[in-house]
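To start, I am sharing the structure in question, which I have written as structure tokens.
Note that the chains are named A, B and C in the order they appear, and that numbering of residues resets to 1 at the start of each chain.
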């Protein structure tokens, strides 16, 4: 193991990891927003919008992110829509994650039984109040585990960003291996970087889930 | 925006389909191997042995926490470095996706058996069935019905994930697409949007039916 | 007993082709306890749901003090505050303590102060013997306790009428009593109620008037003494017979 190589290129990996994280976090936040909107559309059965959302969810869930990214990055410019690598990463992750988030939110909303809605209504609560005090608090704790799983899934999916020339961890690794043949060092740093990103998040999530499960009973 | 004709020029469509078959075949081989190895893993996971439990748990966690692409890199670049021989992208892919699929199948098998209520075992035994009979007639059929939708879903995800092999130099549908785009650069400068839209649609046409079947089976089971 | 609380006029309710309530009229006066009985599927639960605007109706009207109760109507949440309803299944909000279940609507809907609402809630919980469970979550309660809390949750709104929809049907037999005792106590104190139940002995004890429904119409109505011991119609006699075992 060539430690000087590792020391030399650590800043490069740190920068790439930061890029992955920034774009990943932005995409995930956007995915949560898109997911919430889609879930509400489906929950309230908004006509027309509901069919559009369903079609979007199927398209997004049944195609690979890398193919979505190729279309955004190499295809769309031909239609006059020129996107930077970063924009492609964020849009791609939002497009993919939005559908996963929508399904998770929706199953949370649907977990609150009809009888609860009726008894809240018969107490004279308005639909806004019912959503705020009865549906959301319960839906939230049901959705959290699925949302956490989605976040981890999406963070892992960011690894394909190099396909649209984003200088992320995979990109840097491939570069270093190609240039210097320090394969093991490059791979070690790659694995370490992903562990540093994902392990703490996954640990926080499992604590959060355990808390919620206890509060639920 | 014109250029959709490119798709139907010469044997372009056929080439795209061939490219798609490269990854679908990789997915099918990996799923086949995963089913065999995963069943064994799942069986091992039901054992009460502590050491086995820890090892399988660690294996599952490692597979879960890392992006599949990272494993592809490790095997593709790492093994080449180690042995000096060039491991092809296809072989690397089968190794990595089988490792992943085995973990997933193992976990599915374990939970499918775990989901069978205890009284099913008890009432089977109290009817006087022998152990092989109990498993053959009572336990396996029930476990299988729970497994099949999940296995179909996994196959679909496997087909989507094998698209990653383009990043380790395997000539599959995305690469073929690029070749077609490059070859028609002058006659059809806008070919890219159509070619990639076509690939997007092809994936959808393969994966969507699988999703529907998997969901349909799962729902039919839940309704019973 | 002259002032009408609820008036049902020529109510028609159907689910698609299936007509469930056919041109039914009925009034409940202040302080009166009306018990609805009848075979399953006779429309008695549907009737209660219509009274609370939970179901759209196809004809006729339901009014509370002359004010229309209309499914989807703009003023529905206002009318509903005056109608308490308790359902068959335990419908407490599982993410809130007993106390918070009870004071949610007084605070959010009636805009009462938290302190006053809490005080009222504790007094009512005390009345049904559950004051010490105020801080518990629904999952820690037995079925009978949950239903008593559900009754309190409606009572605290000071409704003009309480609708009880088979509130003991999902309970273990040994818990039925504790819930019915609470209802009897309410009746004694002059609470106006409309009750759907399968407990005939309870119906006889609590009712001022028994209404026997079958096929979505009122077949017979009268005092409990008349109805249970001297039913006028053949259908009522047949129905009551199903509750006695003869070898």
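Just so it is clear, contacts are C-beta pairs under 8 Å (C-beta built on N, C-alpha and C of every residue); 3 or more make two chains touch, one makes a residue touch a chain.
These numbers come from a predicted model, not from an experiment.
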{"item": "Chain nearest the overall C-alpha centroid of the shown protein atoms", "value": "A"}
{"item": "Chain located farthest away, centre of subunit A as origin (C-alpha)", "value": "C"}
{"item": "Between subunit A and subunit C, centroid-to-centroid distance (C-alpha), Å", "value": "47"}
{"item": "Separation of mean Cα positions, subunit B and subunit A [Å, integer]", "value": "21"}
{"item": "Mean-CA-position distance for subunit C and subunit B (Å)", "value": "55"}
{"item": "Subunit A-touching residues of subunit C, taken from the complex the two chains share", "value": "52, 54, 77-78, 80-81, 83-85, 87, 89, 91, 93-95, 104-105, 108-110, 137, 139, 150, 153-154, 157"}
{"item": "Subunit C contact footprint on subunit A (complex, rising order)", "value": "113, 115-116, 118-126, 129, 133-134, 137-138, 141, 216-217"}
{"item": "Subunit A-touching residues of subunit B, taken from the complex the two chains share", "value": "1, 3, 65-70, 73-74, 77-78, 80-81, 156, 160-161, 163-164, 166-167, 174, 177, 181, 189-197, 199-200, 203-204, 207-208, 211"}
{"item": "Subunit A residues touching subunit B - in the complex, by the definition given at the top", "value": "58-59, 61-64, 66-68, 70-71, 74-79, 156-160, 162-163, 170, 173-174, 177, 181, 183-184, 186-187, 190-191, 194-195, 198-199, 202"}
